[in-house]
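There are two complexes below, and they share chain A, which is joined by chain B in the first and by chain C in the second.
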Partner chain A sequence: MTEAVQNISQPQIEAENLSLWYGEKQVLKNISIKIPRNSVTALIGPSGSGKSTFIRCLNRMNDLIKNCRVEGKVLIEGKDIYAPDVDVVELRKKVGMVFQKPNPFPMSIYDNVAYGPRIHGVNKKDLDSIVEQALRSAAIWEETSDRLKSSALSLSGGQQQRLCIARTLAVKPRIILFDEPTSALDPISTARIEDLITNLKKDYTIVIVTHNMQQAARISDYTGFFLSGELIEFDQTRQIFHNPKEKSTEDYITGRFG
Partner chain B sequence: MIGMVRERYLEQLNLLKESVLSLGEMVKLIFRDSMTSVINLDIELASKTLALEPEVDRLEEEIETSIFDLLALQQPMASDLRLVVSTLKITADLRRIVGLSINIAKIPGRIKGGHVKPLIDTRKMADIAGFMLENSLKAFETQDVELAKAAAARDDEVDKLFYAVWVELIEMMAKDTSIISRATNLLFLIRYLERIADHCCNMCESVVYLATAERVKLN
Partner chain C sequence: MGLNSNTNEKIAFSLLTLATIIVTGIVLVILAYIILNGYGAISIEFLTQMPNRMMTAGGIFPAIIGTIALIIGSMLVALPLGVMAAIYLNEYAGESRTTWLIEMAINNLAGTPSVVFGLFGLALFVKYFDFGPSILSASLTLALLILPVIIRASEEALLTVPNEYRESSLALGVSKWQTIRYVVLPAAIPGIVTGSVLSIGRVAGETAPILFTGAAYFLPRLPDSIYSQFMALPYHLFVLATAGTNISETKSIQYGTALVLLIIVLGVNLVAVVIRRHYRNKLKI
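Moving on, here comes the complex of A and B:
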């Protein structure tokens, strides 16, 4: 880890010796990481290395899995999110998530975006502007403004994914977690999502799990390499792709892994 | 386990390194023979040396093509990226050394009636430049940073000899204008040798980058 990464002060996300088990199986081993505000952090590593499990710890999505046990700390803006007084619904509002496969609700484009704000009790009269703002921020307003009442399922895969990003933005999160958001998209849609992530960085802190190494290199400021449940190396992206410190990182990103 | 496609990629990287080393062998030969031809004013050896240039061009083009293919098709990362980038730069330096050696090999055809002075310091310069060339290539092969730095450190000796011979030749020409034509060829010769040593330094810098990702200035 270079000094630039060691000296991250006041991280927005911090894990301290985070371990996680599914039943008997330990899936995360003593993960410690500090992620600064308004940055894009990419997590790379082979399938089953714990990347997705790790980001699911950041908004307690793993709570939904039976027999899941967590040890260690996750601090979001300095607050331990596994403390007993934490409201998980509020936490997930603050820490939004976008998944691999676009998963719009089977309802209109408008209602998809309005869904979250409605649940959180936003006034009807404010909804229109929230929906428009979210769709604009997710770079899909131009394509949908004249058909907000159409079914979200009529959109293309890339549009659906941007709609899901709009849906996440509508509840005004501080952090957005992306779990392989472009793995099901063509290169043009992928480029649009990558542009979008780069633009969102100024207002949000972003953590993205990706199998696409070039994508990690293109859009992230920091990169973490996971292997067998351990965070092997975490550093500035430039450092990781130019001159990684650990041999297993080098082997993975140069395709010599195995 | 890595797949067939990845194995092919690793093979291409190895091949690239080997091609640069073979180019290096050829450059050493051309440099050595060009110097021998100028010392002995051996026109036959000089013309044999000149005839090797097209083969160097072919090899250079082959190396560049495989570098462009690797960059476009394989997107090398980390140490692979550094290998590809440094071989591109080293190949350019080797090609310049060949260009300068070819200039040297053209000198015997221009000098009539022997050298204006014994080539003692000039031979020393050539020996050091040859040492630098040999060792910068060896350092590239083994990624030996210390060897690269040691090779580059000898550039100062070449520079000192260059200035000493330069001054000596200018003084000789001032005293005897009839030697100007022959002496000027020697001035060019030492200038070429000084430049060859500089290109060896560049190669050593590329070796340090290859091995450590650090950018250093060695001359």
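Moving on, here comes the complex of A and C:
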């Protein structure tokens, strides 16, 4: 790690010696990382290296998996999210997540975006503007403004994924986790989502898991390389791609395995 | 084997088609038989009047009302209870020895003969709770009978709701119960409705469970409360066809009663189809 990464002060996300087991199997080994505010961090590594599992620790989605055990600390804005007094529901409002497969609810476009705020008790009259705002920020307002009442399932895959991003934005999170958000999309849709992520950086802290190395290089400020449950290397993206410290990082990004 | 795959294919296709034709044929023959024999008995009077002259004339109005009361009564109890149990088992319970035992118990309940339910209803509702032979006792007994069917159907329906819906709702900071209430249940309703309708057919058609719990042999007036005894179509049919005062004279009334029973069940099915379609359209494109 270069000094630039070690000296990140007041990180928005911080993991300290984070380990995770599914039953007997250890999936994450002593992960320590500091992720600064308003940046895009890409996590790369072969399948099964633990990168998706890691981001699912940041909003405690792993709680859903039985026999899952976590040790170590995860601090979001300085607060340990695995402390016993933490309200997981509140945590997930702050830390949004966009999944690999576009998965809008079987409802109208409007209702999809309004779903979160509505349940969180937002006033009916404020809802319209929240929905419009979220759809605009997710760069899908132009395509949907005249058909908000039609089913979200009538949209194309790429549109559905942007709608899912809008749905996440509507809850007003501070951090957004992307779990391979473009792996099910065509190149044009992928490019639009990448532009969108770059734009969202102004207002959000973004962590993205990707299998696509070019994508990591294009959109991220920081890159972490995972291998067999360990965070092998974490640094500025430039460093990782041009001057990796570890042999295995270099092997992976040059395509020698993975 | 001597046969090539093409011939095999033809034989399998013919056998399967034949089976379908036989099954459909049997249903059609039964339907046609009941309709042909029964439609002559159907009239406004038959549907709206009390039976008279020792049940050899008059109508079947109280039996129609009785059967409808049983459908409503048992559904009011079994539907919420069954759906809630299914939600618990599918969404909350996880896999454990206890859950396995509960599932086993439900399976066994589904296989229990209906006359056993009748005796159980007699002991528990009629005697122990002292509801007497009544609509209440019979409805509760029928509710127990169909509970396993509704739980099973609801569980199946909940299982078909993709996990991604649950995950993405939870990831929006929505609690588990709200996720179930606003995403999972709406998506499962078409399946729950379909399964429940099957049980309505059973409620309308069962005789044994109501035999000891409230069905009257002959009662030429309408029930005035849930504690009243009542007449019901299947039991009325059974009485007319076996113990009636004049079995051969009432033949057309018997078929008429069967036809009305059939129409009620089909009618309920139709309502279910409409509900299902309504929800499907709301969910899909």
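Criterion: the second predicted complex is superposed on the first by the 257 of 258 C-alpha atoms of A that agree within 3 Å, B and C clash if a C-alpha of one lies under 4 Å from a C-alpha of the other, contacts with A are read in each partner's own complex, and residues count from 1 in each chain.
Rule of thumb we're sticking to: a contact is a pair of C-beta atoms (placed from the backbone, for glycine too) under 8 Å apart; a residue touches a chain by one contact, two chains touch by 3 or more.
The shown structure was predicted, so the numbers you read here are calculated from the model rather than taken from an experiment.
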Which of chain B and chain C A:V131 touches, first, second, both or neither: neither
Which of chain B and chain C A:I232 touches, first, second, both or neither: neither
Partner chain in contact with A:V89 - chain B first, chain C second, else both or neither: second
More chain A residues in contact [chain B versus chain C]: C
Partner chain(s) touched by A:F241 [first = chain B, second = chain C, both, neither]: first
Partner chain in contact with A:I208 - chain B first, chain C second, else both or neither: neither
Contacts of A:E250 with chain B and chain C, given as first, second, both or neither: first
Which of chain B and chain C A:S151 touches, first, second, both or neither: second
Residues of chain A that lie at the interface with chain B and also at the interface with chain C: none
Contact footprint of chain A on chain B as seen in their complex: 1-2, 6, 9-10, 75-82, 212-213
Complex interface listing, chain C residues touching chain A: 94, 162, 164-165, 167-175, 178, 182-183, 186-187, 283-285
Residue ranges of chain A touching chain C (in the complex, touch as defined): 59, 61, 64, 66, 89-94, 96-97, 99, 101, 103, 105-107, 115-116, 119-120, 150-151, 153-154, 164, 167-168, 171
Complex interface listing, chain A residues touching chain B: 213-214, 217, 240-244, 249-250, 253-258
